[in-house]
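One structure is given below, encoded as structure tokens.
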Amino acid sequence: QTSARTTVKMALDWTPNTNHIGLYVAEAKGYYKEAGLDVQILPYTDTSASALVANGVAQFGILSSVGFFTQRAAGVPLQPAYAVVQHETGRVVFDGTRADIARPADLDGKTYGGFGTAWEDALVSTIIKGDGGKGEFKTVTLGTSAYEALASGRVDFTLEILTWEGVNAELLGRPQRSFTYADYGVPDQYTTMIGGMQPWMEAHPDTTRAFIEAAEKGYRFAAEHPEEAAEILIKATNGMLSNPALIKASMAALVKGQFLIDGDGTIGAMDPARITKMGNFLFDHGLLRDGDGKLLETRPDFTGWTTNAYLSPQD
Amino acid sequence: MRLSAVRHQAGRALPALVSVCAILLAWEVYVDLAGVSPTLLPAPSRVVEQGWAARAVLLANAGPTLAATLSGFALSLASAFVFSVAIDFVPVLRRALFPVFVISQTLPLVAIAPLIVLWFGFGLLPKILLVALVTFFPMLVALVDGYESTDDDLQRLLRSMGAGRAGVFRRARLPSALPYFFAGLRISITYAVVAAIFAEYAGAQRGLGIFILNAKNNFRPDLVLAAVFVSSALTLVLFALAAGLQRLSMPWRRA
Amino acid sequence: MSPLLSLRNLALTRGRTPVLADISFDVRPGEFTALIGPSGAGKSSIFELLLGNLAPEAGQITLQGAPQDAAFAYMPQRDALMPWRRIIDNVGLGLEVQGMSRRAARAAVAPLFPRFGLEGFERHWPAQLSGGMRQRAALARTLVQDRPLLLLDEPFGALDALTRTGMQQWLEARLAETRTTALLITHDIREAICLADRIHVLSPRPAQILASFDVTLPRPRLGRPLPAEAHALEARITDVLAGIPG
Amino acid sequence: MRLSAVRHQAGRALPALVSVCAILLAWEVYVDLAGVSPTLLPAPSRVVEQGWAARAVLLANAGPTLAATLSGFALSLASAFVFSVAIDFVPVLRRALFPVFVISQTLPLVAIAPLIVLWFGFGLLPKILLVALVTFFPMLVALVDGYESTDDDLQRLLRSMGAGRAGVFRRARLPSALPYFFAGLRISITYAVVAAIFAEYAGAQRGLGIFILNAKNNFRPDLVLAAVFVSSALTLVLFALAAGLQRLSMPWRRA
Amino acid sequence: MSPLLSLRNLALTRGRTPVLADISFDVRPGEFTALIGPSGAGKSSIFELLLGNLAPEAGQITLQGAPQDAAFAYMPQRDALMPWRRIIDNVGLGLEVQGMSRRAARAAVAPLFPRFGLEGFERHWPAQLSGGMRQRAALARTLVQDRPLLLLDEPFGALDALTRTGMQQWLEARLAETRTTALLITHDIREAICLADRIHVLSPRPAQILASFDVTLPRPRLGRPLPAEAHALEARITDVLAGIPG
């Protein structure tokens, strides 16, 4: 048991944050060790986690929902095996004191501070159109500075992860309001997932199962002991999480919003129907392209794009 | 005459073509043989193919970047010149300003992007300022060191002729700095396009930087590299112009 | 006549080398003064003091009339041609500094080129000239400036006898015509005798004036055999330089 | 003697201190008077205070960055020297390699980060390589231009003495390039720390770049700026060292 | 005795200037040859041809024995001191190039400094020396190389008579002792007569040899009055240079 532990590498999608909580808890609580694994969480890099996974630098990675669909459509056999959050954590945010924005249709003609994905365009215009607007707005690609730009009024609205940026705005007492995607015709999705390459996972089912189960155990512990989990995360990241209040509040939001464990007790599992819905949405909006950058002509069959096969036996 | 001149120029470009082609070929072969996934490193042939397919978008995005590059570089040249003159005339300024300029070169974009957005918005101006900020320092160092390289005999001679500080500067220090200036120019113009691309990361509607960011976030490394090809080509043209200007400006070196 | 230029008890140390011990002499308007002395004595340093490039350790320099920076046309010992200016623009440099346009300066200096044996080299770069040609260009640059006081530091050192005599003759005539005051550093005793009204002989470093001579030979002196008087003076100066007491 | 030397050095640093302090003061006052939100631009006093509180973490992260900076810069110096010599000895290499190097300067990190991770992993090596890549080019241009500035008379003299190509290079071209080298050194060392910080974005466990990224994503602009202070201080020290080395290496200029 | 060095019908154009028209002469081993001619004639260019810095348009140069790059010790017209080397290291440069360590080169050249009037300036930089001192340093640098052939381009141009005579005497003695062959460019006819075994007089550009003279005066010639024969030769050469037919 002590000797030959299998080494597994895990790639992150962003700087360490509460979405990664279960991964760190599992390490600290020895769940990986129990499962015979030696898990190395790779440092966050400019390179997307899916690229690292696709090229074997890491066996597992945090996949964003849209990123995954894009890549899989292009022929990279990524496969999510665990949903970190059970519902969409993203939302549209804007300055709460703005009298001219009451509903998504009011966003027409406004300036959007974006991050540079094709998905955002479809997302925002769907939301505006879903509210009866024209879906026309100006995009300024900002990346990391979107929230400062919003705070200083240089852009009118942007997107955020409500359990991170949203929580921070609340902590700072910023009068911020938001629109939820699902309210305006965008399907709900598992925003953040853990996955690997399907062929690799199928070739290494035991390792995969061991890893996914350990992670699940970590996330379950975090959902049940958010304060303690927050401490673990802060400690494990060597002072990089320099805003402990944010971590705690974010954990509270993840628990309160039933993101880590859904109201019905679901943890990690993905509903194929929801995946298909999201896949169809992306296909219908022309966001799925093949390996040569050409629009997919035929609607893919999304079943089998994700799996729940490596989760612990559901009770 | 015309034909032979053309042939001569082509001959000068030959080694460059050979080496660049060799690298592209090696890359193509490496990707092929090592079976590198195109999600990581697409083959150059694919980059060219996809870049060509996206040429309209690429061109539309190259425009703003080129505009920022050229205006920013012009501003950089002008201010490097002004500051170098000020430093030359008021030596204490050198000690006072150099640390500030050095610090200005160490500011990472993530740290200042919010401020730039706050102060200047998303127009051309902030890009121009950022390009100027990045390319300014090599020019300044080169000019200041160039002035210092002036032969004392020449300065004494000019003073004996009744030239004042300004006359000595214009007639001896400035021409003496020319070779240094061009070393600085070639260094600095190399950074100008990249600087404009980076500047766009602070917030922009269009530009090669935005194109790259989009391509990357949409998992299109082939388009990322296509944009890099365009930016490299722009840089090479600017660099070649600088080198040509250098040859033209120092005829006495060639005689 | 009150002196135009007066040096009083100048002393100078450069680095840790004492260069000038005690230099005093006067220069009267229109007078041609030659300084002669061993290599490394401090002759060029005297010029640097006059030009204000160095400050004396002791003593003082007084100049009547023109302010210091408009008084001298200076020819340095090394030619100090600017590599990036064509010969014609090097020769016209002083005129440009005085405010003339480049075009006017070129027009003003071009007629001198044949006289200086530089015809056809107007548009050459300094690096394309022979040593003697560079020296002539530097001399021309100095003379066109038309300043009241001429400081010449070994202006003919790189010239052959014939070219040199030509230049000297021309200089003698030109100075007589313009009544310019001149100071000439030379190591050629005969040159000093041919050109100067007064000769100061300097000792080795640290320099002081060993002897001064008035040269009263009739002018023009060049282009014809020197009188016996001149030969006697030459011998006398040689003796002074060699340390043989008179 | 010792005391006066210290006082002299302090006097030399005075203008720098004055100007840097003036900027900090202006910043403090601006933040105060304009009521800029500390989430956008914290006051320097706050930056210092919070930076001090986080000094242990800051220091722990400054270490790897400094290591990458110094090793990368050493590699850069060495390879700039090697390539400059190669170009000097085989002139066609100049035309062949310069375009490649220019292109190498135009590669945005986002484009090459994946390759770097794939080829070199997450250790120190890729950072060293990236720092070298960024700082190499100014040194190369400076050296190559420096060699070209050599006085022909000196080279002819050496050849007459029986010196071969290498002897002429070592005894005339190399020393002639010294002032250019130092201009390039001062330019390039200024970029070294920033380059190391950027290199960390390609993947690192620790480092000022990682610290900045995390502080940014954790909404701590004060700590972002504290790290920028540290990186600026490092750069200033390196720059001052380069300037000091320059003075020491060219005693004939001071005499 | 077969010539050590032989120049045959050399012609040279630099830029668009025809510099050498037709230069032919031989140099025998141990012989001291002087080249005299007007400024800008092409004297220095002849040296550049010998050194292989320029290729002749026509004609050829043959050298017996040593390969070209080990044959000459060359003193250029402009001193070409390296600003970044101390005087002692400038003087020792040739020895270092020949493979001596810097330390050994310093030890080898240090004893020469008093003789060249440079004692105490060993550790100075070239910029801290007077024009004549620089020239002497360059001369010393050339002589210490101990090459079979010496090329001196106006080595005494910046020196006063006394210093110059001292240097010349020393050179004469040294050459006699080492049996070195020497080529001297000078514009000083008397200097040529005092030092040379053979004098070639060059025409103005494009240069050809107007006349050649053997100088058979007894040695040592310096430090004592020249015989009447010498004065006659001087007059003859002056006439040739002035274009007066013999």
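The chains carry the letters A, B, C, D and E, assigned in the order they are written, with residues numbered from 1 in each.
Simple rule for what comes next: a contact is a pair of C-beta atoms (placed from the backbone, for glycine too) under 8 Å apart; a residue touches a chain by one contact, two chains touch by 3 or more.
This structure is a prediction, so every number in the text was calculated from the model and none was measured.
Fewest steps needed to get from chain A to chain C, stepping only to touching chains, is 2. In terms of the stated touch criterion, the partners common to chain A and chain E are D, listed by label.
With steps allowed only between chains in touch, the distance from chain B over to chain E comes to 2.
Per-pair counts of C-beta contacts peak for the chains B-D. If you average the CA atoms of chain B and of chain C, the two centres end up 50 Å from each other.
Centres computed as Cα averages put chain A at a distance of 38 Å from chain D. Chain C and chain E have CA centres that are 27 Å apart. Touching two or more other chains at once are residues 40, 110, 114, 118, 213, 216, 255 of chain D. Of all residues in chain E, those that touch two or more other chains are 15, 78, 124, 127-128.
Touching two or more other chains at once are residues 51, 55, 144, 148, 152 of chain A. Inter-chain contacts, as defined above, occur between A-B, A-D, B-C, B-D, C-E, D-E.
Residue ranges on chain B touching chain A, taken from their complex, read 36-40, 50, 53-54, 110, 113-114, 117-118, 121-122, 200-205, 210, 213-214, 216-220, 222-223.
Only residues 14-17, 42-47, 51-52, 55, 57, 144, 147-148, 151-152, 168, 172, 237-243, 246 of chain A touch chain D when the two sit together in their complex. On the chain D side of its complex with chain E, the touching residues are 151, 153-154, 156-163, 167, 171-172, 175, 178, 250-252, 255. Touching chain B in their complex are the following residues of chain A: 48, 50-51, 54-55, 67, 70-71, 74, 76, 113, 115-118, 138-145, 148-149, 152, 154, 291-293. Residues 48, 51-53, 69-70, 72-74, 76, 78, 80, 82-84, 93-94, 96-98, 124-128, 145, 151 of chain E touch chain D in their complex.
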